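Two complexes follow with subunit A in common, the first pairing it with subunit B and the second with subunit C.
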Partner chain A sequence: MVEQKLSAQNAVVAAPAEPESRERDSIDHDASLRGFARRRHRELAVAAVAAVAVALLPLAIHDVYLQNILVLTLMYAALSQSWNILGGYCGQISLGHAIYFGIGAYMSTLLYTHAGLTPWFGMVIGGGVAALIALTLGYPFFRLRGHYFTIATIVVAETGLLLVLNWDFAGGAQGIQIPYGPDSWAHLQFARDKLPYIYFALGFAVLTFIVTFAIEDSKWGYWWRAVKDNAEAAESLGVVVFRSKMAAAALSAFFTAIGGSFYAAFVSYIDPDSVMGFQFSLLIALPAVLGGIGTLWGPALGALVLIPLTELTRSSFGGSGNGLDLIIYGVLIMVISLARPEGLTSLFARRRGARAGLEARAKQ
Partner chain B sequence: MTLQGLAQILASGLLMGLIYALIAAGLSLIFGLMDVVNFAHGEFLMLAMYATFGIVAATALDPVLAAPLVVGAMFVLGAFVYLAVIRHAMRAKANIGMVQVFATFGLGITIRGLAQHLFTPDYRSIQTSWLSGRTLDVAGVFLPLPQLLGGALSCLSFVALYFVIRRTDFGRALEATREDAGAVALVGIDKNRVFALGWGLGAALVGIAGSVMAIFYYIHPDVGAPFALIAYVTVALGGFGSIFGALAAGLLVGLVEAVSATILEPSMKAIGIYAVYLVVVFMRPRGLFGNL
Partner chain C sequence: MSAHLLEVRHVTRRFGGLVANSDVSLVVEEGEILGLIGPNGAGKSTLFNLVAGLYPPTSGNIVFAGEEITRLAAPARCARGIARTFQVVRSFDSMSVVENVIVGALMRRAGAREARHKALQVLDLTGLSRRAEAPAVELTPPEKRRLEIARALATEPKLLLLDEALAGLTPSEAREGVELVRLIRRRGVTIVMVEHVMEVVMPLVDRAVVLDLGKVLAQGSPTEVVRDKAVIEAYLGARHRAA
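On to the complex of A and B.
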């Protein structure tokens, strides 16, 4: 394999025929590398400022309802970033991520209610199990292309949903209620105060952001984008396509399951339809798609716009069964996806060059 | 199990399979034409059922007689949806696939909200049809007349579809636009017109299914989603782009569902369908008859 990679590199180096043009290329290359490093530093700085700002928000927001929206926004930002690792960067569109979320939610909850183990432990176990399942499924699934792959992910998630619905030990269709206990970090239970949940969700969002940030400039990041761009071409240049997809799937599933465990602790009640339904798989992907698929900021930006709007319309118009909340929500999704097909992040690509680069990236 | 029991399971499965095929046909047609998976397909089905219910409630016509009106209205709706929404989704330069998925997903949610708003989330059903509750007894195998009508209409629709695609100018324009939407402009075919007609036809097909299903199934704003899910699997199983693959896959799905409802618990019957899909695509990654 090493030989293959070396020969591929030689082929790339040997490509420019005239020495002059090669020199010019290398100068541009250095400049663009510097620009890239500058952009990465700026992104990290903006993220740090944003994280600190969010951490200070609870000082101003005491309303439980608004704190709830904050928690959900952060959670969806993190979940969608997890989805983005596989769907956005590696280009494998999964619409079955609800199964990983469900594994996380059920694993930590079952271990807590039946064995008394702390949700922190269940969270790690759930993440590990989800990653293992992603690898097991990936082995046959990654042979499939495009819609055939996507429908396979839907089908597996639906099978999981039906199995849990009929699994009496896990409460069947009724689901599981986590018994109330005293507020504690060990049990991840805070019935009276939402503040710890905000910090946990913030930590989760920051973690997925940092992981994605690190991946962007790592070997895996380049491999994944190459696989997304053109799997055959990538393979011919020595990218191990299959292993790339597997790594992205495992990482993506792991973090999605962590989100599931957190959600279960946060709402302290889970049932199969609400944590494993097909709609939920779409909801995980939605912020990344609306914000900018395969971009670092897309999921967070998408969640920031989508989740508060969803929650506000739901509380203003929902519940009465008159469907107004659904109409507003549906029109919102349609309008954003039609008006900003490359995602909301494109609004911030002010400079011509930056916008062109972003479009090229989104196109991949 | 008796032989008669087995025949009953197979007959019910085949009849339901024909209806699944009819629902999937519209989806497959639209996909084959322009590579778009319509995530509002289940809501189209739901609208057709409500339209049937509305006409029956307003005019006291038999739902069977209301069907042509419903199908015509669905055709107009499909063409309108293309012109108002999908046409704009096709313009996206970046990640066009996801734009289409979520534009149609948003459309589906909007339609569901509208249905809840206009018709309330109450469960409805039509019991006034001449066909309601009647069955045909063939050597001890009971075939409900509404399902039988659905199966017959499904067969007729596929025959008609075959002639439209193979024998008419519209069908040739459809095939040509599917092959190369840019080149057809050179021979004077307006691709937007073909796409709009294709969406109209796709919606009309699911309209046929909806107007029959309104006779024997409950009607509710959320009724479409599970059928849409089966339709996606059916289209993929038959192979994207192959309408007649959808017919074969629909029959297979109906049979598998009927058999697994007997073997497994009825609530788990869909698992049989999913297993068949996975087994088939692992052996044939482009479905049974896929060419895309």
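On to the complex of A and C.
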């Protein structure tokens, strides 16, 4: 009620009473552009501080278990940020991103074990292959709308899982063990040391953040959000909807696959269920959804809450076999989604306007 | 002879068994404001959507600035200089007002910064500057109509199609809307407007085309059209005959 009154008052103030007042109604463009640039710089500064803080965390955390959680949190923040490009900004909800994660994991691992190629190379190849597959799948699927698109992504990811399960060259259901070797950045293999993985995952999270940051104020960023909000209106303004979706899908798949390659190197053993199962599709999407879909900070915030929660409930309550960990986990997710349906980022949106915008996003 | 900006030639559009437009032909001259009027179900919106490229005609041709555009999709028509608003407002509600307009401004600008600059200029023109940073979802209905016009103008069209842009406004808001339409025309944009409110449209348009049952019933200057017997019978009714 109060909000409605306020916005009505604003409208009275903003609407020009007479056409002649329109000149007075104009604002200083340079000041407006500077204000926008300042907001963008502040966002980068906050991100830089956060990244440095995370980089210093290992000085305080020596426990391998906690370091493990840190690696996973950073990795899921980056993966969810990648998912957010397609799901959050472009509005195409994929619940099949496990297929791109799996492609990344298998591509770099197979190239490493069979051809001796460094995983650094393998992850770029994996990313490229994932992007190509995303384009191939997008060609028919982006003609589907809303839920039908989502269902198609689930089906394809499950099909991919079955294919790999029956693919003997890739180890079939047994999977592939990455052979032990000396610690090496070139091979991304570190037997005991978690620090290199922490820094790689941090770099990955920073990379996806910067890419998303750049997208937000770019042609694609505006086009994708227009496609999400109203495809027909977007087309009338010159946005080629199909091409926009394809570009978002390719970029999203590329980075998701890089995450898959990293995960394979990190756990040094992969099998179809442990890198391509449906749970990965959910774990990739959930942090963005919980943190704030289509927002720059949503995936990181969501991962920060979700991943430690998953791990800690599992280690505290998971041993009994009665599923108590999953119950606690599920209840907490429900509490967050009920209290903050527009995502955790809304906690930080102090300006009323920003919050209303987030609420509008949540309603879609 | 100066070429017409838009030519609709014998256009027919069927939806299943329904013939929404039947052999419609009309021209739009550069620089004019053309009113497209007619009772409900006359086929105004269909014709409008055919020109904007929402769907192709069943038969017939559409020529814009000397180029055949009958089969072009909406984004390609936008690139050639046709912009539109929607009868039911379709703002991008997850974005701010200025961001909505940036989407249109990116049609002719690759850089986001130039697009933002252009968007601010268009917001000045349409009287929405003060609301630039507001989320589009917070706008009042008349502001949302202005936003649609701003977004379309940002694509720098030669031809602007307004679909009932003045509907549902109070008399004073409608008066401001009329002023805005005149202002846009003064800047060299040709306008085709579908409108219901005759009192508002007639003084504004240079020419009117009356559609009824999917066919062109009459066309000419507003005064000619309102005197046309067929038009009075089909649409304007007793109210105007009495006047």
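In this text, the second predicted complex is superposed on the first by the 322 of 364 C-alpha atoms of A that agree within 3 Å, B and C clash if a C-alpha of one lies under 4 Å from a C-alpha of the other, contacts with A are read in each partner's own complex, and residues count from 1 in each chain.
By our rule, a contact is a pair of C-beta atoms (placed from the backbone, for glycine too) under 8 Å apart; a residue touches a chain by one contact, two chains touch by 3 or more.
Note that this is a predicted model, so its numbers are computed, not measured.
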| item | value |
| --- | --- |
| Partner chain in contact with A:225 - subunit B first, subunit C second, else both or neither | second |
| First (subunit B), second (subunit C), both or neither touched by A:158 | first |
| Which superposed partner A:32 touches (first subunit B, second subunit C, both, neither) | second |
| Which of subunit B and subunit C A:201 touches, first, second, both or neither | neither |
| Subunit B versus subunit C as contact partner of A:235, first or second or both or neither | second |
| Contacts of A:74 with subunit B and subunit C, given as first, second, both or neither | neither |
| Residues of subunit A contacting subunit B in one complex and subunit C in the other | 294, 359 |
| Touching residues (chain side subunit A, partner subunit C) in the complex | 7-8, 10-11, 13-16, 19, 22, 25-27, 29, 32-33, 36, 217-219, 221-223, 225-226, 228-230, 232-241, 294, 353-354, 356-357, 359-361, 364 |
| Contact set on subunit B toward subunit A in their complex | 37, 85, 88-89, 91-99, 101-103, 105-118, 120-121, 221, 225, 229, 232-233, 236, 240, 265, 267-268, 270-271, 274-275, 277-278, 281-282, 285-287 |
| For the subunit A and subunit B complex, residues of the former touching the latter | 93, 140, 143-145, 147-148, 151-152, 154-156, 158-159, 162-163, 165-166, 278, 282, 286, 289-290, 293-294, 321-335, 337-338, 341-343, 359, 362-363 |
| Touching residues (chain side subunit C, partner subunit A) in the complex | 52, 54, 73-75, 78-79, 83-84, 86, 90-96, 98-99, 102-104, 106-107, 110, 112-113, 115-117, 120-121, 124-125, 127-135, 137-140, 142-143, 151-152, 154-155, 176, 179-180, 183 |
